[in-house]
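Below is one structure, written out as structure tokens; comments come after it.
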Amino acid sequence: MSAPLLEIKSVGKRFGGFVALEAINLDVARGERLGLIGPNGSGKSTLVNCICGTLNNETGTVHFEGRALDGLPANQRTHLGLARSFQLPRPFTSLSVADNLRIPLIYAVRRRSQLILSPQELERRSLELLAMVGLEAKARRSPRDLSQVEMRKLELVRAMAAEPKLLIADEVMAGLSHSEVEDIIQLLLQLNGQGISIILIEHIMRAVMSFSQRIAVLVSGRKIADGKPDEVVNNPSVVSAYLGQ
Amino acid sequence: MRSWLFFFVALAVGALIFAIALLIRSDYLFFAGYVVLQFVVLATAWNILGGYCGYVNFGSAAFFAIGVYTSVALAKLGANPGRYLPEFLATGLKPLLPLPILAMQFFAGLIAGLIGLGMGYLTLRLRGVFFAIATLAMAVVLQTLIINWDFVGGARGAYIVRPASIALGPISIGYIEYLFLIMLVLAVVALTVARLIERSRLGYGFATIRDDELAAEACGVPTLRLKLIATTISGAFMGMAGAPFPYYIGYVEPAATFGLPYAVNSIAMPMIGGTTSWPGPLLGAVLLGSLQQIATVTISSAVNLLIVGVLLVGFVVIAPKGILGLIEDWRHARGKP
Amino acid sequence: MGLPIELIINAAVAGLLLGGFYAAVTIGISISFGMLDVVNIAHPAFIILGSYLAYLLNLTFGLDPILAALVMLPAFYALGQVVYQVYYLSFERRGQDALRGLAFFFGLLFITEVMLILLFGVDYRYVEASYIGPTWRLGFVDLPLRMLVPCVVSLLLVAALQLLLTRSFVGRAIMAVAQDPLALQLMAANPIRIKRMAFALSVATTSLAGAFLIIIQPVEPSVGREYIGRVFAICVLGGMGSLPGTVIASMLLGVVESFTATFYGPSWAPAVAFGFLLLTLAVRPAGILGR
């Protein structure tokens, strides 16, 4: 069994007196589809922030491809191959929708592959990415003109533009219709087919169930379950803490 | 329009302005014009860090003063090299001294840029708020240092003699006209650089820092490096704007040089004119600068400052995107049904 | 080697007295910046305003400056409410507006300073009170009353505020809103109203701080600028919103400045505060990395 892509060991984070994360152990293998679920406030986004460097974990370590990430700023982690979407969309409002995608294309992709992409190539790739989520018609518009749902799609596709090895999708499906959820799942499966590991954070259980090879459950900052979807869903502590609600 | 074309067009406009001013033959015009041009440079420089990146620098006076006192120090050194330098250095440099203003400007820009880089390195990793506060504190500290440094006159101040005229090749023009010309060229350079940055990848990077720094980092933008670049360029231009000042005014002393007017104007002019693009600081500087020149003569200078402060607060509260923003919104409203 | 022990102890005591005063100056920032995350750069300007008002009341009615400050408390509280209301209405969102918020307060700082120059000129002003001249002596230790009285009253002020924050409903609501505005909304209390009260409280403290300042030293309009670096350095070092932390950090800064003044000369004092600021920024990342 090859070494995991992402290794989270004993990671802890507190805000003043509040313990957001406690002794989290989690591994993600290459090409794996991991679902991360838990009630609101359980620490899922905090964990994502610690993995990606937006926050610094106080205890424990995070390793990506065997390399320790502690102290590394967020942009360098993105260069290494980590990408995430934000739970509450954070588009660059001074730039057009298409230009939002140019940023990771310029700064993340180029760094890794030492390519300078020509303006035409940048344009082509950003339109291509927008087309994957049906936003190509709004390429020249301001992100402020997008609906909440469209902004989440932009978040997802902006994370994809960084050509990551591990993509963390934080509640991208909120507010989507049944068929839109299907589309996103297909898109993510397609990415996974290219070898990209995916951590899916969602409340929409059927999406998580159908998509994930493995599910981890976070409750009150602790991981209470980690295993195959069927096992986790039938785990009594998971049911009482989260699913039974 | 490509940047070099813009540069030459702007230079041509500047030459025209200079020619007209020469024809009108008013000394006052050159004096007042110098101040307005100086503010164009300061406002544009401030905006590179403040408007493009969103990091507020309250210490513009400090960078300006670095330029001022670099000139003073070099002038004093040039007047009497034997006294301050070791023998061989003094004799070796003698033909070069006293340094021409342009050389002083170069050194001023270099030193101010380095100090901007250093200060940025210490404080830019933290939230923008702390950078802003640090710039304010730095201004106070620098003032303290200058007050205690007798070589440049300390608290008593320093006198710099302004030559009557200068020979530019075959022509000889008055010194004040020469200073005006220098500042005009500097303004053109500053505007060209600002415009160049705006349209480049660097400018995109700056915009992401301003819009959402956390998201920018998540997208791989090297935010610290970009902010350091902005701080260095901004500081350097402010220093260069300060370099000719001792010759313009004849007597410099710390209280006035570090005075709040420079800090407030550097912020007020871009915020009133518009912070997102290069015409904003230009507009703000020309409008506000001219207004102040007129007001200082007609009302007192303190009331004049009060007006600037009130305008700043007014615009920040009511029209945050400045005059440019108001124009844009008006056009937007008319354009779309 | 003979380091004069008496000199050292006196410098230390002077530093502690100064630190007590700095606590009063900073306590408002601990509330507005430490707890509410509002960067009120105009805070020192309000302090100078307080100094001048105390001066006026002292000059016209012979009122003791501290009493004058207490009389002015409601006015300053009201001022704080107005300022916060404008701030809140104009800059609700974050991000780009952080720049505008900063510019807003800077504009206020500037306007206040210029108005004071217009009204009072740039001459130094000072107050008269019975405790400004004399100095108590405990053995070889000098305790100038003009430093001791403000220090003591300042510490009382901090203690009173701490009691208010930890025991009263309003106080605990303020601390709650500092940590979690959402939770406060769930408690059916209006977070904006609470924040406004807290900010108004922070501005009210400047009335007293201003009185202390003009007791300790003569004042002219630009004196406030020296304090910007100091207050934010103390606030950060003291742990942002912690009042006891603020007092300790104030004392620390006071002592360091005192030693610097004693052994290197008083004109270097502002540089000390800046060094302090840089040090705290470098060493104490909690709460200031925003992470």
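Order as written gives the chain letters A, B and C; numbering starts at 1 within each chain.
To be clear about the criterion, contacts are C-beta pairs under 8 Å (C-beta built on N, C-alpha and C of every residue); 3 or more make two chains touch, one makes a residue touch a chain.
Bear in mind that the values here come from a model prediction, so they are computed numbers and not experimental data.
J.: Given the contact rule stated at the top, which pair of chains has the most C-beta pairs in contact?
T.: B-C
J.: Measuring between Cα centroids, which chain is at the maximum distance from chain B?
T.: Relative to chain B, the chain whose C-alpha centre sits farthest away is A.
J.: For chain B and chain C, what's the span in angstrom between their mean Cα positions?
T.: 32
J.: Mind checking the centre-to-centre distance between chain A and chain B? Centres are C-alpha means, answer in whole Å.
T.: Using C-alpha averages as centres, the distance is 44 Å.
J.: Mark out which residues of chain B touch at least two other chains, giving numbers and ranges.
T.: Within chain B, the residues that touch at least two other chains are 210-212.
J.: Out of chain C, which residues touch more than one other chain, so two or more?
T.: Correct list: 289.
J.: Using the touch definition from the top, which residues of chain A touch two or more other chains?
T.: In chain A, the residues touching two or more other chains are 54.
J.: Would you mind writing out the residues of chain B in touch with chain C in their complex?
T.: My answer: residues 50, 54-56, 58, 122-123, 125-130, 132-134, 136-138, 140-141, 143-145, 147-148, 210-212, 260, 264, 267-268, 271, 302-303, 305-306, 308-310, 312-313, 316-317, 320.
J.: Under the definition above, what is the set of chain A residues touching chain B in their complex?
T.: Against chain B, the touching part of chain A is residues 52-54, 73-75, 78-79, 83-84, 86, 90-95, 99, 102-104, 106-108, 111, 158-159, 161-162.
J.: Hey, which residues of chain C end up touching chain B in the complex?
T.: Per the stated touch rule, the residues are 39, 41, 86, 90, 95-100, 102-104, 106-108, 110-111, 113-115, 117-118, 222, 225-226, 228-229, 232-233, 236, 267-268, 270-271, 273-274, 277-278, 281-282, 285, 288-290.
J.: Once bound in the complex, which stretches of chain B touch chain A?
T.: Per the touch definition, chain B meets chain A at residues 201, 204-205, 207-208, 210-212, 214-224, 276.
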